[in-house]
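Naming follows writing order (A, B, C, D and E), and every chain is counted from residue 1.
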Amino acid sequence: MSEAMRKPETNGAPPVISVRGIDMVFLKKAPGVLDGLARRAGLPRPEPVGVHALDGVDLDVMKGEVVGLVGESGCGKSTLGRVIAGILDPTAGTFRFHGREMSEMSPQERYRAKVAVQMIFQDPFASLNPRKRVIDIIGEAPVVHGIVPKAEISDYVDEIMLKCGIDPAFKQRFPHQFSGGQRQRIGIARALAVKPQFLVCDESVAALDVSIQAQVINLFMDLRRDFDLTYLFISHDLGVVEHIADRVVIMYLGRVVETAPTAELYANPRHPYTQALLANMPRISTEKQAFGQIKGEIPSPLNPPSGCHFHPRCPFAFDRCVAERPRLITKAPGIAAACHLLEEAAR
Amino acid sequence: AADLKIGLSAEPSALDPHYHNLVPNNAMSKHPFNALVEQDENQRLEPGLATSWKALDDTTWEFKLREGVKFHDGTPFTAKDVVFSLCRVPKVPNSPSAFTIYMKSVESLETPDDHTIIFKTATPYPLLPTDLSTIAVISANTGKFSGPLVFKKSGCEGVESYPSTEDFNSGKAMNGTGPFKFKEFVKGDRIVMVKNPNYWGDKAPWDTVTFKPILSDGPRVAALLAGDVDFIENPPSQDLPRLRKDKSVRVVDGLSNRVIYVALDSGPAPSPGIKGTDKNPLADPKVRKALSLAIDRKAIDQRIMNTQAEPAAQLISPGLFGYNPDLKVDGFDAKKAKALLAEAGYPNGFEITIGSPNDRYMNDEKVTQAIAQYWTRIGVKTSVDATTASVFFSRRGKKEFSAYLAGWGAGTGEASSPLKSLVACRKPEKGYGTTNYANYCNEQMDATLTEALATIDDAKREKLLQKAMAEAMGDTGMIPVHFEKTPWAMKKSLTYTPRVDQQTMAQEVKPAK
Amino acid sequence: MTTIPATPMLNPAPVEVSVETPAQRLVRKFVANRLALGGLIVFVLIALAAILAPLIAPQNPYDLAVLDIMDGSLAPGELSGDGKPFLLGSDEQGRDMLSAILYGLRISIGVGVGSTVIALTIGLAMGLFAAYSGGWRDALVMRLVDLQLGFPPILIALILLAILGRGVDKVMIALVALQWAYYARTVRGNALVERRKEYIEAARCLGLPYSRIVFGHLMPNCLPPLIVVATMQVAHAIALEATLSFLGVGVPVTEPSLGMLIANGFDFMMSGRYWVSFFPGVTLLITVVSINLVGDHLRDILNPRLQK
Amino acid sequence: MSDVRGGAAQPTLVVEGLKTHFFTEAGVVKSVDGVDLSVSRGEILGLVGESGSGKSVTGFSILGLIDQPGRIVGGSVKLNGEELTTASPKRLRSLRGDRIAMIFQDPMMTLNPVLKIETQMIETLQAHIKIGHAEARARARDALGRVGIPSPEERLDSYPHQFSGGMRQRVAIAIALLHGPDLIIADEPTTALDVTIQAQILSEVQTLCRETGTALIWITHDLAIISGLADRVAVMYAGRIVETGAIAEVVSNPRHPYTYGLIGSVPSRNKRGQRLTQIPGMTPSFLSLPQGCAFAPRCPNADAKCLEMPELSPCPSAAHRARCFHPMPEGAEA
Amino acid sequence: MGYVINRLLQGLMVIAVMAVLVFIGVYAIGNPVDMLISPEADQAEIQATIVRMGLDKPLWEQFLAFINGALHGDLGTSFLYNEPAVRLILERFPATLELALAAILMAILVGIPLGVIAGLKPNGIVGRAIMTISILGFSLPTFWVGMMLIMIFAVNIGWLPSTGRGETASLFGVQWSFLTGDGLAHLILPAINLALFKTSLVIRLARAGTREVISQDYIKFARAKGLSEPRVILVHMMKNMMIPVVTVLGLEFGSVVAFAVVTETVFSWPGIGKLLISSIVHLDRPVIVAYLMLTVMLFVTINFLVDLIYALLDPRVRRKESA
């Protein structure tokens, strides 16, 4: 089973996906009496409030690599995933596909690049169009894109369904006739049908039961091998990420705070937040666990704390953390963390 | 105290008696105000604030005013009030339908004393007393003066300001000589008046009269039955059989001055609503006669109007000045009608659209439908195009109809009114044919009419009017259908003498003996 | 190593063993409610009677040549001059009420259904357009909607009547003008919700063309709540047409709808000739209630919040 | 903790043969079909199982809060020896919130959005004891303080939406603790929360139970949480308990093939990057449960015998029982 | 601030477009003079009247004059009544307001309890019966019901008056019917007539709200706290359920006020609906335009009030306090 663990190719080829300085600001209208009035009357609205969902995120994903993206709810994982999958346009930042900037590409190429990056969604219920049959859900895009001639679509869908572990006999059915795990497989089949190179899996197993979760994770691993796929695997479950990812990126309130190869990260967390996460991760064991060393609530992304976003909860925080945003410091190749402590230690 | 509540079928647009020349307004103004000359229930003239009048010569009239009359505020009535009233008529701002049409003939006037007025007209004008009967006399006290009041056709002198329409609505200027005094006006809901104890004529039997506009027919009847009002005008004809049977209700009706007619486009082809031929069949008097003969007026009276109609042979109802007793109603004769059609060259008939309002006259739309039925039966395939009055009148004005049903009330109560407006050749500058949208023109009739209108002598004039009517009806210039009978319904304990002018007057409502 | 080793997922049947389409499921759930089913049956019968009116009605009430005012105002069951019975009586024109009701149904249902379908189509297009384009286009459409909803129906009807003249088709146009905004607003609301769902994101991610997303994915999913609204709206349109007729701006008198018949009969309310408005009233009531029963139940079935 | 375990006192709650069925249009859903449970003072019992296995319904049945069309059709629920299934609604109401409390899964939904925290706490107090407003408020404030909410006095006047998820869940816990109940049923109260917040709540609950001696049933689908928190565990599958025992026993030595598979499919139990051990098939629908052992179609050990329903039998001891004819061999490391 | 101006302009645009449409619309229907003038008037008189009313000018010039007046706070003078249109409307407004309030009140008092009952037992006989009956409220034409009410209660039984507003008494300088017994009696039938549709609506909203709220976790939680059933229903459920009901009713209130035309016609209620009808019949354009403009403003005001109440009921909508 060594291929499954094979190292990502680093033979000088550019990363499949490379994003730099991604900013995403959602304009959020503060709900209020005046706003409601304005809306109904067709009159003015209060000044919008921005949610800085992504704040200068850099990320490279090499070919064949599985990158785990971990962070607590609302930290911007899905937003980053959507930006990479081309569903959202970022407020700022650059996006390269195989080393080429999107703006340099011809429309044709850009289009192809877009299709090459596909996304698997969290909610197996909302992510399938309830009014389409499985065959149409999976087969529509390949036909539209001319990947498969219309006449052959049925066979093609059979093949993909088989690959994803769904009985092709079910292809005339509607999504509501499937269980959550089966739906998730249909979602995967839909993405695979356009022959993507890169899959963004946004909490793709979170909604599934433990036993089904294992089936789907296995499927992801098999597909990776069979189709030579690259993954951005978003999850808040540290256990799952540990199992599947080659490299892990930790986010906190819209910023990347640490990134490292999986084994390294789990063995040797550098950022206090990563440390807290790992310490609080429930593990199946025969011993009683001591929970809850880290205090405080996750701040609202509407008005994040100054400096290092983590400082109000950090046991090691000092004055610099309040004032200054820490840079992401590379400690060793592929290992980086954004914490003033590391910088101080390096001095 | 004796109180009377009256349910009106239309609401006056203002209490200002000079503001809007419209039946509900005119009827209302007769409660607090008088005119020099009054009209009785048959619209015959009778003394009002003038006790007598006579033509001194062809263009000079003398009116003697009643003495001892007092306004509601106690000031005595004099010639100055009359002059003031006449002066105000052209000065009512924004009047949607001014009374100036009744004053056109007056060139000048003089007031030799407080109770005499001498009118001068430019040409012989026999209708002067009739016209003056429409103009209410208000108190000169309501105006402001800057000098002696002098009547001028171009504008009176000596008046600084006249009372405004609002002054009347609010009651400030509601100072008349009439049998009732103003008490309250809540727009859309009620008008309240109280008895004038010092009235010069027969005192009204009511201490308080409340007028309530209840515009919908059904609810108005319901209000009477429920006892919310004591007296209503214009109960719908279909309810009359039942009301008549009701022990607690009295229904009276009387012929009105309103004729319902069908106008037929007698102009050149093509006519807008005609299909099936490229000529205008209606230009042929035979066709017009055929269409008249095809209508069973009696059946319409029985079935549609619930006997609230009197089949008509002319444009003015019996009893009015100028009525021609020699004209006979076209009897229902489909055979003859068909024969006439064939004779005129339309053995297979043609197609026609008849226009009609649907909320203006008694059962207007239904009568039109019945007429369409009759015409269809003699082979003239008829479709009905009935719309609300506002739309209908505009379209009629644009001559969009080849045939239409409409009505005419002779406001002055004599025959020149319909003849001049409806059938005279269209000469708007002369005031002839103003409502003639059917291109009918009969020079002979026009000549007779013009002569009548310059004849002061009543007997001679009446003869001329009768002749003109016969001429117009002779070639079926218009199909008279029927005269409406106006009904009033009231509690059994009341009586009312029907009025030809369809007006409801509280002073005429009497306790039953 | 080539394909997936164990494929245990292949054997077990899906959670629900049913293989029915959403439409079949809808039918099954619908049929389960007897009241609603009854409503549907009644409505179908009424619709049939309306469609077959020329065949089953004793008289063509629109043909003036067969009417005779001498047969006017007969009570139910009375015989006409030439011995024909008038089962439900006649109006003052001698129109057989039964025939008038059957033909009136035709017009009422035709006008109700017709105007609803057209208004729905327009509203759907406008609503989807507004929701999916957003920005100033959205604002423009929504202001139009505001404008429309702020206008009194009678004024709209009257203006159209004046411009276009009287006729059944004109009433339809007026009713469409009165209703489309309502649909546009509903569609827009739905579309804004649906638009955020992941399956739309998936479609965009798959690079499907704009028109496909809007018409192939977004629209079908905005339809169900709209169909419920539309069912109710058919009933509303029928009642609205009746009110317009009452206010004198409805269909032509010679082609009376149910509403027109009631409005006509309104004049006879006090006269004791109850049948002129009673029977059309009852027919209208049954029609509208049956449609509403159907719509009501559809709403319950289609409301995802109430689905267990 | 050993003091509790060793106590010979009768258990706080004893559930025997509990059956709760839903009579739906599609058929009878036997969501809970013969469940036995018991918890003692200060003990934490973990109730695990996949989605839809009947965990919540078990919890609600104990409180007597089953909605239409559901009904408890059999078995007994005894709280401190008092039978609840036959108790009057009035009696049940007086016990709920007083002797038994419940905490729900979704903190966003458990608090009434339109009522102040104060109102929601005080009404709970006043529903069970005669107490003045001021005094009730003081007690509410203390309760908030105990679950670690800063400046509780001001927080009383807030509305739920002004709180984060973790804080709301703490308020719910504070409400549950107001009367010092004998038993708390916590229905997945941390699934909606983040790892760090979940840890805070787990630690607070642990301490509170230990201090007050309240018995706790912790419902979850995450074995990992249970393994760090509970004393004993009961594993549910398709409306029945399939295995129960001390947590360390069950985790280290699962006997029922389902428990075995469940533990085996947890990623951290597998070698990194390798295929996970997976339980084939999926959870069956209640409307088409297989005959006999519901797990048999997915079970590697199943044979013809499994067409009958096995009993929950000692395996190997009375403290560790499994419902299986062919239990996994002892020490079979998952 | 840019937003403020932008949206304000949009609102004004709506009003302006509406005014344009009314101008064109009324122009298309017909000439007001035809409706107002005495048929005996000659051409000169007609022409003089047209000039007096300013109808001789091209339509766009009339419109500009109107806009100019509107900018100076003058929405024109009624052709028919020769009074400022705004004053005419405001004079009649209290009557309609009172009627609408009474109707809404009735709808709430009857609709909410019935809706809650139907929502608590959606499949019970009572619940189904309530829903089926509520369909009637939607189905019967208002004018027909109004007439029936008059027939039964005024004519046949004779309990209540059939028409008009009855005696009024003054409060805050405005005349109100409900302050006198007679006025109150006059108010009942029209209010019932107007309330019919709204009651059905409220029943439906209340039922849907009840069904939705009752399945929420916080209701279950309230029960788990040991609260009594009345408290669960009356406090926990009702408060949440009322939010959509109040919102919709508030908005409906606008339409009740603006379009009580049919009821006012049937019951001769001297409100703005009757004024609108007569203005339309007489093509009294200044009143129609002013009416519509005031209606739009009314809608805006009502929406504002609804939002206030909404905020009162739903703390989530209140401005974020610094947490």
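The working rule: contacts are C-beta pairs under 8 Å (C-beta built on N, C-alpha and C of every residue); 3 or more make two chains touch, one makes a residue touch a chain.
Please read these numbers as outputs of a predicted model, since none were measured by experiment.
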Go through the assembly and pull out the chains touching chain B as well as chain C. E
Please indicate which chain is farthest from chain B, where distance is taken between mean Cα coordinates of the chains. D
Between chain A and chain B, what's the gap in Å when you average each chain's C-alpha atoms? 86
So the centre of each chain is just the mean of its C-alpha atoms; given that, what is the distance between chain B and chain D in Å? 90
If you average the Cα atoms of chain C and of chain D to get two centres, how far apart are those centres in Å? 51
List the centre-to-centre spacing of chain A and chain D in whole Å, with centres computed as mean CA coordinates. 32
Taking each residue of chain A in turn, which ones touch at least two of the other chains? 42, 179, 181-182, 215, 222, 300
Could you list the positions in chain D whose residues touch two or more of the other chains? 278, 280, 282
Check: chain B positions touching at least 2 other chains come out as 218, 222, 225, 359, 388, 390-391, 394
Residue set of chain A touching chain C in the complex reads 42, 82, 85-87, 111, 114-115, 117-119, 121-123, 126-132, 140-141, 144-145, 162-163, 165-167, 170, 173-174, 176-179, 181-182, 185, 187, 190-191, 194, 215, 219, 222, 225-226
For the chain A and chain D complex, residues of the former touching the latter: 1, 4-5, 72-73, 179, 181-182, 209-215, 217-218, 221-222, 236, 238-240, 242-244, 262-263, 276-277, 279-295, 297-298, 300, 313
In the complex with chain C, residue positions of chain B that touch it: 217-218, 221-222, 225, 236, 238-239, 241-243, 296, 299-300, 303-304, 358-359, 365-366, 369-370, 372-373, 376-377, 382-388, 390-391, 394
Chain B touches which residues of chain E in the complex? 29-46, 48-49, 52-53, 77, 79-83, 88, 91-92, 95, 147, 150-151, 154-155, 158, 161-165, 175, 265-268, 270-271, 274-275, 278, 280-283
Under the definition above, what is the set of chain C residues touching chain E in their complex? 35, 139, 143, 146-147, 150-155, 158-159, 161-163, 232, 235-236, 239, 242-243, 246-247, 259, 262-263, 266, 269-270, 277, 281, 284-285, 288-289, 292-293, 296, 305-306
